[in-house]
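Sharing a structure, written as structure tokens. Questions coming.
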């Protein structure tokens, strides 16, 4: 067998071995991989970056623990960025299995930045029927959420004093693992014209590009990769740091990048072998 | 009788399921829900057949001391331990977290399932290596499209922007069109198959004698 | 981790390694894990059916006086006629019930979800004045051509052949994209297993020394 | 800590209220009385009530719901603009006690009062019983109630009007199939183009016979009532007949016991038809397990130990598709695959020799059987596609020129 034929008909166990070694090695020596940041993720970051202290950003978090790996990093990075910039946050959750998780994120980050519930952020909690809840919030946050997650009436929270509805928030970022996104697009943006960006899981990403094109959403963070892009920007902006273990999505990205490179290399090797062995004949 | 009765049942039940879809009345809804329940009950009885078929095969191997009969014994032990701890010690509570039944499931089935699933990372690489050759036009198209999508995770400097544009284009235009056409075809094909079954044109699956 | 959990996780870690050994070649460790998981999962599934279907869908309704549940009981018992070669045909009406209900339900559902809705979603405004409109034109042409590829009763020749060829190209671009998009998820699964093994052995090391 | 915060909140609020009041008080002498009244009015007056409240049976349902509509309050989005939401109230008699059934945000003028159909349910909604409705507009703590609606009762319908497009499609498509079946039965020759995956079936079975090795047929992970599995039974019927002719063993490990039973019936009938009932071995068609990856582990073992010459994967497949196909190619088998699960097609295309893509899976039994009636349905399918393609072009034009009526013909309303 010639060298090129051997290249073409490599025993597949070599492929397995290389993949295995690459994954294990990259898992142990985690290193930073420069990442191409998509404009749709950058526009979300840039928008949050443009907010000035005291302005309010709303985050709708609609996902269950199953898709945490992809979406949690987004929630953390955005929350950290906002608190570091003294931007106020209004959060709500429209997924039945999510409320505790959101609380965990916001409480943890608030403690890091010494932010006070009710003054620097408000967590509205969970309500069923996303469509009705979003519609009602467009009228007044107090209709679906007379009290916040901790049972305090909204009217007694200083941050909510001048807040009525979506008109009082600079934008809404919806981080979602399911159909919730559609309601935000159709109702919050479609009906109340709220400025909206979304963060979704990898499999959902392709479905939402048309909304980006039509301008219904101004930004899109797509899956693990989008989360890593956001973390990359936030790290460069000094909002999160690798040393403190605040990068989640970025941690597994090197494994993804190296395995993708290896697979593409194998395809190239196979084709070079195919070409050369054919030419010889 | 042996052939016509079953075919009549297929046609009758099929026709009912077809028309009930358009009748929102409660009576029809209830019948529909019953039909679903009944299929589940039939599945339970059938499970006995399934378990019989599995144990029969394994027991035969063990009894004949066929090659690898020891492994068949492992399967038999696994099966009977599971049924035993599922029924005997905690009647009705076996499915709760923390019982031996669930422990076995969690520490034996789940890890193996996850490991089998993750074998796909290796297989997807070797399948790509073997299949993506520029042998034919179709294979080349498959290869180019897959590589463009995979490149989105690799830093390419300024070319990344071009690649990202291509990725978006592929996902929203040809990929979307391919899915739509695929589903349209599947919809018509599945309907035709269902019609053939209900009209009794295809009946080879229903025995002959 | 307590001792019990350490042991259970040890079993899990060993089984994961048994499965991975299959990548080199078929071997006794894999055979062991394979037969174990077949037995355990069959037992698990049987118990799940027993508790989640047999009791609530048959026994409980009968106990509550809903005697019409005797019908699925009889249908189910007929399945057991399969234990005898002579009476095997008695199970056919039951099989007919299952297949008939599947076929009948498929007709409206497939036509609705795969044909009408996909068709409706593809009826996009077209034009050449803006990029979104141009992409719509492309989508419609691609769907059209991909459908011609699925034509069975016409030779793929001439203009029709050109359209069909373009159609299969579109499908291939879509499949390539599907392949490329999936790699990331599969690699993530493998990374998760590697981390599981790493953490377990670190834990074990800590517990032992 | 929290109490302290609440205290400060209250203190701040009081301060905020008191300061303007003091300011007002100081300025009272110079302020005009009219202004103050307007200010107070908008705080104290309830919004105008909604009007024209109508209740009617919700169409296209099982008879446990009534829909209520109303004309928006004049203060909703205009006038005083102080409507926050509408509350829908229900009673069994026009002057009886009304209870709140639900809420609609301002701007909405319709509400579906829906209840459970089980009598023991606390939220049971009795059909064929008259109910009266009122709607009240809610301002900032103030209400205004509409007139009582005329009575309405809920009942179930015999036909779901929103599904008309589906009915039309079912009738049209069935007609196509029946017409071409009749035409085909009359002996008219119908052309069908060759399909590579189908032509390979004979070759693959022949190869297994030459090598003296078995054939492995996987029906997928679907249950017996899934249409892809049923299509696979119809293909199995043809394949098994050819296999019986060649006297090659066929192995069918199943992951569902009912699928196993149907597969046994199918293969037995095929052997009988081929005139070789003695060759049929029931123990070759067995149940393995219903759990996805355990099933794959088992089948992979079979592939490497029995070394089948040919593997068929036809039916419903999920993530296991590539696990099976790669192991099969490792074992050196010829592989023919087909599924209607689009996410798995790429892997079958990449790792197996021939793939039946989507609709081709459903056409396969007609191709293998070559009976005129079956070929007739293929022709019917093609006519269905022609109609779809025509509708697609017309729909695109309708969408371009905003011809909504045509688009609505294809809208299914559930």
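Every chain is named by a letter (A, B, C and D) in the order it is written, and numbering of its residues begins at 1.
The definition used in the following text is that contacts are C-beta pairs under 8 Å (C-beta built on N, C-alpha and C of every residue); 3 or more make two chains touch, one makes a residue touch a chain.
A quick note: this is a predicted structure, and the numbers were derived from the prediction, not measured.
Engineer: Taking each chain's centre as the mean of its CA atoms, which one is most distant from chain A?
Structural biologist: B
Engineer: Using the touch rule from the top, point out the two chains with the most contacting C-beta pairs.
Structural biologist: B-C
Engineer: Between chain A and chain D, what distance separates the C-alpha centroids? Give it in angstrom.
Structural biologist: 28
Engineer: With chain centres defined as C-alpha means, what is the inter-centre distance between chain C and chain D in Å?
Structural biologist: 16
Engineer: Please report how many Å separate the Cα centroid of chain A from that of chain B, as a whole number.
Structural biologist: Using C-alpha averages as centres, the distance is 31 Å.
Engineer: Find every residue in chain A that makes contact with two or more other chains and list them.
Structural biologist: 12, 16, 19-20, 23, 206, 210, 213, 225, 256, 259-260, 263
Engineer: Which chain C residues touch at least two other chains?
Structural biologist: Only 19, 22-23, 31, 33-35, 37-38, 40-42, 44-45, 79, 82, 92, 95, 98-99, 101, 103, 105-108, 110-111, 115, 119, 122, 140, 143, 147, 150, 171-172, 175-176, 178-179, 181-184, 187, 190 qualify.
Engineer: What residues in chain B touch two or more of the other chains?
Structural biologist: As it turns out, chain B has residues touching two or more other chains at 18, 21-22, 39, 42-43, 46-51, 54, 68, 109, 112-113, 116-117, 119-122, 124, 126, 128, 130, 132, 142-143, 146-147, 150, 153, 171-172, 175-176, 179, 182-186, 188, 190-191, 193-195, 197, 205-207, 209.
Engineer: Name, in rising order, each residue of chain C that touches chain B in their complex.
Structural biologist: 8-9, 11-13, 15-16, 19-20, 22-23, 31-55, 57-58, 68-69, 71-73, 75-77, 79-80, 82-83, 89, 92-101, 103-111, 113-115, 118-119, 121-122, 135, 138-140, 142-143, 146-147, 149-150, 167-184, 186-187, 189-190, 192-193, 196
Engineer: Over in the complex, which chain B residues touch chain D? Could you list them?
Structural biologist: Checking each residue of chain B against chain D gives 18, 21-27, 29, 39, 42-43, 46-51, 53-54, 56-57, 60, 68, 109, 112-113, 116-117, 119-120, 123-124, 126-128, 130-132, 142, 146, 179, 182-186, 188-197, 201-202, 204-209.
Engineer: Sort out for me which residues of chain D touch chain B in the complex.
Structural biologist: 60-64, 117, 127, 156-160, 163, 166-167, 170, 173-174, 177, 181, 223, 225, 227-228, 230-231, 233-234, 236-238, 254, 256-258, 260-262, 265-266, 268-270, 272-273, 283, 286-294, 296-297, 305, 319, 322-323, 325-326, 329, 340, 342, 345-347, 349-351, 357-363, 365, 373-374, 377-378, 380-381, 384-385, 388
Engineer: Considering only the defined contacts, which chain D positions touch chain A in the complex?
Structural biologist: 5-6, 9-10, 12-13, 84-85, 103, 105-108, 330
Engineer: Which residues, counting only chain A, touch chain B once they are in their complex?
Structural biologist: Residue list for chain A touching chain B: 10, 12, 15-16, 19-20, 23, 33-36, 38-39, 205-206, 209-210, 213, 225, 253, 256-257, 259-264, 266-267, 269-271, 274-275.
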